[in-house]
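Working notes, structure below.
In order of appearance the chains are A, B, C, D, E and F, and numbering begins at 1 in each one.
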Amino acid sequence: MKKVEVIIKPFKLEEVKEALAEVGIQGITVSEVKGFGRQKGHKELYRGAEYVVEFLPKVRLETVISDDKLDAVVKAVLKAASTGSIGDGKIFIIPVEEAIRIRTGETGDNAVR
Amino acid sequence: MLLDMLGPRRRRMVARLALAAILVAAVWPIAGFAEDAAPAAAAAAPAPKLDSGDTAWMLTSTALVLFMTIPGLALFYGGLVRTKNVLSILMQCFVITALVTILWTLVGYSLCFEGGGGFDSYIGTLKKAFLMGIGVDTLAPLALTIPESVYVCYQMTFAIITPALIIGAFAERMKFSAMLIFMTLWSLLVYSPICHMVWSPNGALGAGGLGALDYAGGTVVHINAGIAALASVLVIGKRKGHPTTPFPPHNMTMTITGASMLWVGWFGFNAGSAVAANGAAGMAMAVTQIATAMATLSWMGVEWIKQGKPSALGAASGAVAGLVAITPASGFVGPVGALAIGLAAGAICFWGVTGLKKMFGYDDALDVVGVHCLGGLAGAMLTGVFALHQFGGFSDAADKAGLVGQLIKQATACGVTLVYSFVASLILLKIVDVLVGLRVTDAEETEGLDTTQHNEVGYNFSA
Amino acid sequence: MLLDMLGPRRRRMVARLALAAILVAAVWPIAGFAEDAAPAAAAAAPAPKLDSGDTAWMLTSTALVLFMTIPGLALFYGGLVRTKNVLSILMQCFVITALVTILWTLVGYSLCFEGGGGFDSYIGTLKKAFLMGIGVDTLAPLALTIPESVYVCYQMTFAIITPALIIGAFAERMKFSAMLIFMTLWSLLVYSPICHMVWSPNGALGAGGLGALDYAGGTVVHINAGIAALASVLVIGKRKGHPTTPFPPHNMTMTITGASMLWVGWFGFNAGSAVAANGAAGMAMAVTQIATAMATLSWMGVEWIKQGKPSALGAASGAVAGLVAITPASGFVGPVGALAIGLAAGAICFWGVTGLKKMFGYDDALDVVGVHCLGGLAGAMLTGVFALHQFGGFSDAADKAGLVGQLIKQATACGVTLVYSFVASLILLKIVDVLVGLRVTDAEETEGLDTTQHNEVGYNFSA
Amino acid sequence: MLLDMLGPRRRRMVARLALAAILVAAVWPIAGFAEDAAPAAAAAAPAPKLDSGDTAWMLTSTALVLFMTIPGLALFYGGLVRTKNVLSILMQCFVITALVTILWTLVGYSLCFEGGGGFDSYIGTLKKAFLMGIGVDTLAPLALTIPESVYVCYQMTFAIITPALIIGAFAERMKFSAMLIFMTLWSLLVYSPICHMVWSPNGALGAGGLGALDYAGGTVVHINAGIAALASVLVIGKRKGHPTTPFPPHNMTMTITGASMLWVGWFGFNAGSAVAANGAAGMAMAVTQIATAMATLSWMGVEWIKQGKPSALGAASGAVAGLVAITPASGFVGPVGALAIGLAAGAICFWGVTGLKKMFGYDDALDVVGVHCLGGLAGAMLTGVFALHQFGGFSDAADKAGLVGQLIKQATACGVTLVYSFVASLILLKIVDVLVGLRVTDAEETEGLDTTQHNEVGYNFSA
Amino acid sequence: MKKVEVIIKPFKLEEVKEALAEVGIQGITVSEVKGFGRQKGHKELYRGAEYVVEFLPKVRLETVISDDKLDAVVKAVLKAASTGSIGDGKIFIIPVEEAIRIRTGETGDNAVR
Amino acid sequence: MKKVEVIIKPFKLEEVKEALAEVGIQGITVSEVKGFGRQKGHKELYRGAEYVVEFLPKVRLETVISDDKLDAVVKAVLKAASTGSIGDGKIFIIPVEEAIRIRTGETGDNAVR
């Protein structure tokens, strides 16, 4: 199994979620993160004090999938999340040794199906 | 409880300074009791009678001015600090309200408004300590159409908001205990004499003395608080991280809400200062509204030009600047004067919180100096202009003094307030620093005042 | 819609109990119509005339007291619950405001203040149901200088806040539908008679009867609501997790804001109870301010000593305790009495929400019992002391009764209120429980009332 | 600064349209100066005298109505948008307050209330531009017991809230600069004539003309703002994502707080419209409270039935609907009329924000059309019914006109307001669109107005 | 070493934390996440517009442990977090190559002890 | 490639970010977390009810880097984040199989450069 971690622009969440659903992914965990990268933040001003917001709001999706779905998932994300402009984000693939569904105790691919 | 651990050497120093403080504190009351002079101004009139309309408006005004401090100012300031200090701000405003109420009841009102003592130019007596002699039917000696109980309450709300304004300067780093002690001393030893000098019939600076005009508290409230704020940041020092780390407001919606409440409540402040429901109150309300609006647009305009975008904080700050500046003028100027005062106040105070502050590099956390001291000064001086009939004003006294004459009076009153309040505040702060220490530890500052001073946090959204 | 599914056996029980409820409910109106006694107290005076000043103040007071419930109390309570229940609190306050307004218009006002029926000691008649007979020019029979329409509105705001206070006790677990039914019954069957007994000229407990003093609602509002709150938590039971899981406030800034609004609005409550803009109103305002301030400091002091740090919630709770305690006293006591009452209220209510509550282990979520019932009792009893001239008060009646005499009267009025309200509330709650079930399911409680009762959430910051 | 980059062709177009705008704008003042007709209605009476009680209430009412816009409406609307746009709402309400204050001082008041010009049926003159001639002692020509300064301020607060209401419709997508220009034009060219026609003694629609009844602003404020809101969404278009993406409120607690403040402040709006502290004010307060309460319950009931659960937003919306609908009626109807109007308003406006909006598919972001336009229309028409004595009302004029007669008058006034305001708003919006562009870019809309228009964010909880 | 990532229902946090403490785990990092899975969200209604809250609030616990504790940890979580109803969540096991305690510079199993 | 996960005290964020920038790391994802470890939380009191805040606010930085940068990164973090007092936090190193830049589709080390 693999964990696919995807960092995207917040307003792309809906689209990526749907793209994943289309390739049969139903389990996703989402968190709000702040990103620091090539895309530069905007300036805010408070009473003359300039304040550069370097960390931009991003959304992280994580989904653990069986190895055979990896390609489809990556493709789906690439398509749905890309705007072509800087700051679109990244996909990271991380090995997962085991997955367990708490409710049933199912393990392995069954747990993430 | 209140005293931290001290070494023996330091303890001796504390003892000495405490003694000094007590001496200073003792001067006023003693002075007050010294001589029971002849009955004050009023009297002789054709049997004063309570007016229910005036009373209704002053009851309302009292509620409005209290509303300015809690929750108005508390929210305005509270939104501007970092999340970890929000409760410390709200708490300080709330407890100052309680503290000053008690001080006012015990001696404050009497020191401010019960003249006739040997030092009547500078301070009142203690004859009305504990509000002694004020019954249900007593009319206010200085406003014979309303009960004195209402006058006591109304003036109390001014005595409350003035120290509360100061906390914006030393926000995010002062010990709660130190703040309490400082404010107790400041209220008695700085607010009382300034208030008496300006508003008591025989006060040195007001109508019965120098003749400076201060309708609703340009000197008494804003310059006074603003310069004490400067003293406080000089003594306590900068916040950790200033000026390299930015301290953006944690909740601008709270700040705008507070600013809105200040605006609305200020009608009680200025129109209430007519101490009657009449044309003077109406005109004071009108010019307050006009100057505030103009200052909002003025600050917004300058900011838009200088920094590319108009901010909500800018608009709110402009409004407060306008409210501050029109305060001393509100009973003396007309609509055109109000437009001018607002225009000036917005631009000047914008410079106060950007240019001036950067120039000197002090860390006035929430810009009490730039808005209240500077705005108060601008308002006080411009009052000397626009109070004259030739500039659309209504003050015969100003006409008589002439433009230059009145401006000198105004400048003198400002100067006295600046010097006295600054020096006295500095001394009191040093005393408190020695007594209990003004500042929290570095670790406490990093963790925030809410948990370290009050064992609480502002928000628990995920609970 | 409102009725949940019931089995046949349970349904029969419901029917029986509903019948009982209807019977009880029917008693008052019938009683009211029974006899059209002679015209009430007032009359005969030298042609009463509307006073615009008094009217202005009462219009304002009405706005202030409404402001206490929405948004004041709503925010004070709302900040104290967990995020998932915040809307349920705001919604309950808001809808109680609407509901009681309608009940008051239909029959409440008439039952409370239109005396002259056969049971005039206990309840009014239905002569003014639907505000019949109240025109634009009708003056208030009990306050002949203001329009009756204003009197209706002013008293309505008291009838609104009283049930709203109760919701703090059973917060986070009662069904919205059950709350509505309970409050409808409670308003008519508990608030109306207590209010009539205390404030109607011929009421059993007030000036025309026993002679207990209750200026602005110590018994009618606070003891009444506080003891009903106790009944409600006994019937509905503890929140899941109590007392092992902590339920920290989700938004203390909201709570402090609400407390500040309560403080300001309370001027309408107490000074408004003079039903005029005069010295009585002024003094009521002064003592309200003083007692509240003192109670704030008193609670803060005790907390500081006992728990090491003074908290914002403590200060706010102290203020509310002071406001509650001075309520019955506010027209009768002087500044010194106010200081004493405030001092006592802060300490006593602190014990109420820590000691007393722990002792008995009931889950009074937002401390309605500890603050309102206990504070109300303390205030009612101390009124019996400080209303006497020898203790700085202004009540000739109390002087006549003497210290012990007046204390007995006060205790009796408290006792009657405690017993009647407790028993009646218990019965009504049981009825509602049988009718629709008081409590949400465990799953709903875990998920929170906002989504389960109202399909909404308080905050959506990341939307 | 304000002008975005334009191509040469577009620039020419701008020039032409700007010219047109200036011409339109110029018509009124010229018209105003045209003829100095005979002194208006008032005069001749037995020497008018200021009444301190009336003045007290009007000072208070002014504060209350200002409170409705800031912070009331600002919070009500602010809570309903997404987090990234919250400051834009607060800022717009705040700056509109400032802007309209200045416009009102310069010419607005004069255009609205200083009649006697050649077009007195439609618009006032410029004789009181800059509030010229209004001194401390001038009494209000249309309300001879209060100072004109107070009347100016009171009416100003109506001129402020009306444009502020509109922003709810085009929320989350209009440029700040465009909003400022549009509101400047709208205030002068739409609000002024409608206000004059309805409330000036010789106005075409009001008592001196057609005889339509509008006590506190059903046509002037609500229908006027509501239909302009419709125009604005037709011109500016839908928000990105509408209607597929949901836009849930980001902070319902803010919305409920704002709704509560609107409710309380509305007492100044309706009871203040008596321009006196008397029985008329009292009855206006009573019916306002009753209708609002009824509408709250009515909306809640319909929602409960239709959608399974009663929501806090529903209750708050119902209250606002009731307040809107009772506004034109509040000086003319009795308690029973109020119950009926409230009942109708809740249900009708519920349909307005669900059925009607869905039917036509426009994106009225915060439902200004469904609540204010529709509620205003319902209120205006029902005023024509319940103002008659036979339906519990107090209007002799309505009695004289008869039910059908009065309904025709009401419908006419509504119609004129609808048509004039809609068409004029459309034209003004198109002009502004050409001048600076109404709408932010797609990218700005996605990022949110707070950072793109104001360089700020609402919340920084983790700072 | 392994990282055990657990997604649970929010109100189970306290229990799971205690269960972990019982098997000797003291270091945990917790974050709020939103979950998308088989458990369906509730509907919210805003003025007639229906709004399905698809992402449900969940809590993620992460703890890095030495390999020998893995079994105990999994068992403890399974027991504490399960309610038997849909949406109980998942356990994922991910290999960790190194762990370092910042304060002391300790590495490996010592760092997570 | 490796993912370096760092848990630190919130007020150290700025310093760690700068230290990472100095060793050439430009892509970082930051999230707010709550930590449970040896450092004990503070007590809060609500009307006499004691409430121990066991979970302390921490910040998590994640950065995916090429293997050759690992040493430099760890050293930089250790230096910047350490205060020497308990609760300074942890560094975890986790294998990453693939990284993809969404905007360009670049993969591997190129994606995280």
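Please note the rule applied: a residue touches a chain if its C-beta (ideal position, glycine included) is under 8 Å from a C-beta of that chain, and two chains touch if they have at least 3 such contacts.
If you're wondering where the values come from, they're calculated on a predicted model, not measured in any experiment.
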Result of counting contacting C-beta pairs for B-C and D-E, higher pair: B-C
Pick from B-F, D-E or C-E: which pair repeats the contacts of A-B, with over half of them the same residue pairs? D-E
What is the distance, in whole Å, between the centres of chain C and chain F, each centre taken as the mean of its C-alpha atoms? 52
Report the inter-chain centroid distance for chain A and chain D in whole angstrom, where each centroid is the mean of the CA atoms. 46
If you look at chain C, which of its residues touch at least two other chains? 51-54, 56-57, 60, 247-249, 251, 277, 307, 309, 311, 313, 455-457, 459, 461-462
Quick check: what residues of chain F touch more than one other chain, meaning two or more? 31-32, 44-46, 94-95
Where on chain F does chain A make contact in their complex? 3, 17, 26-31, 64, 94-103, 105, 111-112
Which of the residues in chain B end up touching chain C in this complex? 1, 50-57, 59-60, 62-63, 66-67, 70-71, 74-75, 78, 86-87, 90-91, 94-95, 97-99, 101-102, 105, 130-131, 134-138, 146-150, 152-153, 156, 176, 251, 254, 277, 453-463
Per the touch rule above, chain E residues touching chain A in the complex are 2, 6-8, 31-38, 54-55, 58, 60, 74, 77-78, 81-95
Touching chain D in the complex: which residues of chain E? 44-52
Which residues of chain B touch chain F in their complex? 245, 446, 451, 455-457
